[in-house]
Amino acid sequence: MRKFSYDFERPLVELEEQLEQLKHLESAEKADIAEEIAYLEKQIEKLHIRTYENLTPWQRVQIARHPDRPRTSDYIEAIFTDFIELHGDRAFRDDQSIIGGFARLDGRKVMIIGHQKGRNTKENIARNFGMPHPEGYRKALRLMKLADKFRLPLITFVDTQGAYPGIEAEERGQAVAIAQDLLELSVLEVPVIVAVIGEGGSGGALAIGFGDRIIMLENAYYSVITPEGCASILWDGEGEGRGAEKAAEVLGLHADKLLELGIIDVIVKEPLGGAHHGPASVARGLKKELAKALKDLSSIDPNELVKKRYTRLRNIGYYTEYSGKPSVLDMQS
Amino acid sequence: MRKFSYDFERPLVELEEQLEQLKHLESAEKADIAEEIAYLEKQIEKLHIRTYENLTPWQRVQIARHPDRPRTSDYIEAIFTDFIELHGDRAFRDDQSIIGGFARLDGRKVMIIGHQKGRNTKENIARNFGMPHPEGYRKALRLMKLADKFRLPLITFVDTQGAYPGIEAEERGQAVAIAQDLLELSVLEVPVIVAVIGEGGSGGALAIGFGDRIIMLENAYYSVITPEGCASILWDGEGEGRGAEKAAEVLGLHADKLLELGIIDVIVKEPLGGAHHGPASVARGLKKELAKALKDLSSIDPNELVKKRYTRLRNIGYYTEYSGKPSVLDMQS
Amino acid sequence: MPIGEWFKKQDKRLPENPTLEKRAVPDGVWEKCPGCGEPIFIKELEKNSKVCPKCDFHFPLSAYERVHYLVDASSFDELWANLCPEDPLCFVAGKSYTDSISAAKAKTGMNDALVCGRAQIDGRNVAVAAMDFRFIGGSMGSVVGEKIARITELATDEDRPLIIVSSSGGARMQEGMISLMQMAKTSAAIAHHSRRGLPYISVLAHPTSGGVTASFATLADIIIAEPNAFIGFTGPRVIEQTIKQKLPKNFQTAEFNLDHGMIDMIVNRVDMKRTISRLLDYLDVNGVVG
Amino acid sequence: MPIGEWFKKQDKRLPENPTLEKRAVPDGVWEKCPGCGEPIFIKELEKNSKVCPKCDFHFPLSAYERVHYLVDASSFDELWANLCPEDPLCFVAGKSYTDSISAAKAKTGMNDALVCGRAQIDGRNVAVAAMDFRFIGGSMGSVVGEKIARITELATDEDRPLIIVSSSGGARMQEGMISLMQMAKTSAAIAHHSRRGLPYISVLAHPTSGGVTASFATLADIIIAEPNAFIGFTGPRVIEQTIKQKLPKNFQTAEFNLDHGMIDMIVNRVDMKRTISRLLDYLDVNGVVG
């Protein structure tokens, strides 16, 4: 039985519960209800497809946030070997909402940095629900520099609702901490591969969220602002309800849209219902893409890599440059 | 009249007060006591010399700590022009016990970093009596890197009793903050000139306290540990009284001894009684030495400078390497 | 991103109608200071860099006014003024993005929220950029990001110091992830400029927040703020809603940022040009031209 | 520098007579664990890297024991063992420095508080150094500073990873400013090693404080602590005297340092060699020999 479900999953969950009861009846009372069970199973299968095959953007945001969705640590476990976790920013605190360390992917040495959400309330409190404080970005910065020094390709996992909106985070300079990550990422002389696995919430996500290849899970989202935040700006007070739903539609925050816009490079399929319905297959798909990216990028000369990364960023933008006196420099070149 | 005096200055102060009374009497009552005044003035002059000409090490430590002794800001004011103060570590707090910024010495552009004590209780609280927290060392680190980037020679002023022995300073990693300054100082590709103007207390002083030339005021001290700290280790509990006096003698912490040991390069004379008895003349003397150091060092190639600084450090140490199998490498070469 | 907060809030420091507009109003020979409530002659105000001579209140400036008060007379050579925003997401929610753009263009006479170009400061060649908060809250979309990148690259290629005056609610929501990526794009441009050993001075004007604070605006060698400017990442309303408590009194002011080590100094706008010129004297190895 | 604190204190974690000495004692076949109070067979203890098999208490180690548990059997080639301290200040205060040196030499059979040399870890060439707390509190004077600098330079010249195990009260007071300058000297040597792209792993054993924590010991790429080790700059007694309040319970422990972001990990000594070997696998671009 499911511990957790969203409203739109309720009818499906009810059928699943009925099925469980029938099965219990069958085994406990030796009732001959095989036919009823078979019928119900078929109904469930159909409803399962109907529930999940045409998810709205908002439903997919919900799936990206599902408490059972695999976390960074799950993918590290499933995809890599010999992970050694490193800790600390050497200045203030070990922020557990960002984890990182050395690992091997099919034997290749890499550095990993990722947002880490908890599995339960206690873990989530320790990890601040995956929302970093400035010391988290500074820990990431330290690991980026280590990766650079020891020529380890960097693989990041993005899964955060965003930077933490708290007093202390502002006091300790989360803005400049994020900015310094962005600066560092742009000049790292090793391949940088990003996997957006759940939530990609604004600056807190971006701090470890761009590189030479960006892979995204089918139901993950990556957005300039959370749908709730957007809604509360657009329709004052309507942040929590219908507003967020509408915002999720207009923000263009899903993998397919971002692929179309050229923000990301590749999408990893999830099983119907989301990654938590088949974590192993998602991990396999992700691993394949990570390995491919590693292979493609490893042969590129470090200077070339930095140049290419810059060019990639430079090409992101939609604008019209209407005639008149011609632009003095063509920067894209 | 003196606002503040140490025990050993008391007899002198009493005579000075008598003189003041006599002078008051003379002007107020038109008393004819010119002879008495002249006599007393002569006595004072003699006692002044007797009090200050053969100071004990501990008395000189006291003079180094005198509340009227010129501070870093006084020397900046007296020696440099166009000072622009810079602030902050970009991470936690602007530690006011360390100040720094751009300035000009006879027109030459430099970066200044110095410990800053207060002039009074209020100022001293704001500046934590010149004892930095980790963010102070990190502010210094930022300014060192700025100096390096913009090729500005670095001039530091050392005047601290030491790192702050507090809970928060430990929590925020004062050890690693100091260590990172030491590392950075050792590879700066600009001249580094140090002026020890008052107290040079252990790691807190060293963090900005070594370079290509170390200038020291006559009564300043520079020590691995405060005399009180040393005494409290050697003679449990006797830290505050006679113990500190004895410790000041054995620690070899004064300019003349440190010159002899090769730790510092040059001593700037102070007027009898200490720098606060003639700040302008001390500033002149210090300025002369700073300008000379700048001139001498500016012509050296940056790589050579770093190499020389390293060699200088490498040569500090007293040890015997007795025969037996010869040492595998001669590292001094 | 707290862009929206700044749209709606009746902020004492941000009058609804910027003074630039008021100038056209017939009885506009004087203006009431939002700081002290006193009437100030506009002529006097303009001579004083639009700082109230009585209470030092800093009136909001348009991007062109910022440039005007910062660089040598007639030295400014604007670049890329003809870059216009598009609507890649066909963003419609309540108001459409294209309507917002049209309204902003009409209000400001600008094509987007940033003005940039070559200029001189006390005879020294610089590259300068200034944001305009009136244009959709000074938010950074493709055009702002592109122009920041271009002016930074120009500064890199021509060995010029870079000076950027920010005033922004952050990334421009209406361009979605394309806006967010401008943070990375501008930061990367700054990285390359810095690695050439060139100086960059960032001026934070009221208000600077969100994705601008978390990218190019805080990556400078020297960071200067105008007095009393709001500077932060997350807007105060969002923080209050999250932590469910009142914020400290001077939270996220320029002064708060100075205490917390985030900026080098707070400079009255009247002294801004002189201060930047003095700083460039220390930082610019290429020196003064002519 | 809180050297003295560690001399006098009866610290549960630092028995007055290190186990190395006890071995000569006739009834020395077992030893009472200061952690759990249980008797432990010394043979068993030694097999377990001198970690109590019952409570994980980490017995103090001599520098040679540290090296022994860290590197491949018979791979250690000690260097510069013949460097002896002098008494540049003729330091006499109560006890004379020369007397302290003689006593420490007699107690440890060493010439000063550091052992270093070439070695291999799982077949990989490394440069290794270990401090000995029994020698005047593991304090850093000229000899320790010189040997750290030399072994670091050797590592730089021979492209070897550097591993240093620290256990020290800080700078050696009795050599005055010469000791303090060893902090700068060792840090500078580390700087040049690091700039060559070579890895340095620092292991902090109980206790590591003062000038050692504030120089080479915290400048590593990876910092590992032994469980429950004291790690700090200023000693607790000095802090208590200054702030006149009791210190938090786990203040300045390895665990406290991990929470505060100062170290990468806490590793049980039993796993130390294996962990370092795994780390070197990631860091050492020169790879395994033979």
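Labels for the chains are A, B, C and D, by order of writing; each one numbers its residues from 1.
Everything below uses one rule, namely that a residue touches a chain if its C-beta (ideal position, glycine included) is under 8 Å from a C-beta of that chain, and two chains touch if they have at least 3 such contacts.
For clarity, every value in this text was computed on a predicted model and none was experimentally measured.
Taking the mean Cα position of each chain as its centre, B sits at the greatest distance from chain A. Across the two interfaces under comparison, A-C and B-C, the one joined by more C-beta contacts turns out to be A-C. For this pair, chain C with chain D, the centres built from the Cα atoms lie 53 Å apart. Put simply, the C-alpha centre of chain A and that of chain C have 32 angstrom between them. If you average the Cα atoms of chain B and of chain C, the two centres end up 42 Å apart. In chain C, the positions touching at least two other chains are 194, 218, 260-262.
In chain B, the residues that touch at least two other chains are 90-92, 171-173, 176. If each chain is drawn as a node and touching chains are joined, the picture fits none of the line, ring, star or complete shapes. By the definition of touch given earlier, these chain pairs are in contact: A-B, A-C, A-D, B-C, B-D.
Within the complex formed with chain B, the residues of chain D that make contact are 1, 3-5, 7-8, 79-80, 82-86, 88-89, 91-94, 142-143, 145-146, 149-150, 153-154, 157, 171-173, 175-185, 187-188, 190-192, 195, 210-211, 213-219, 232-234, 238-239, 241-243, 247-248, 251-252, 260-262. Partner chain D is touched in their complex by these residues of chain A: 82, 84-95, 102, 109, 135, 139, 146, 149-152. Those residues of chain D that touch chain A in the complex are listed here as 194, 197, 199, 218, 221-222, 258-265, 275, 278-279, 281-283, 285. Chain A contributes residues 90-92, 134, 138, 172-173, 176-177 to its touches with chain B in the complex.
Note for the complex: chain A touches chain C at residues 163, 165-167, 169-176, 178-180, 182-183, 185-187, 202-203, 206, 210, 222-225, 229-230, 232-236, 246-247, 250-253, 258, 261, 263, 309-310, 313-314, 316-325, 327-329, 331.
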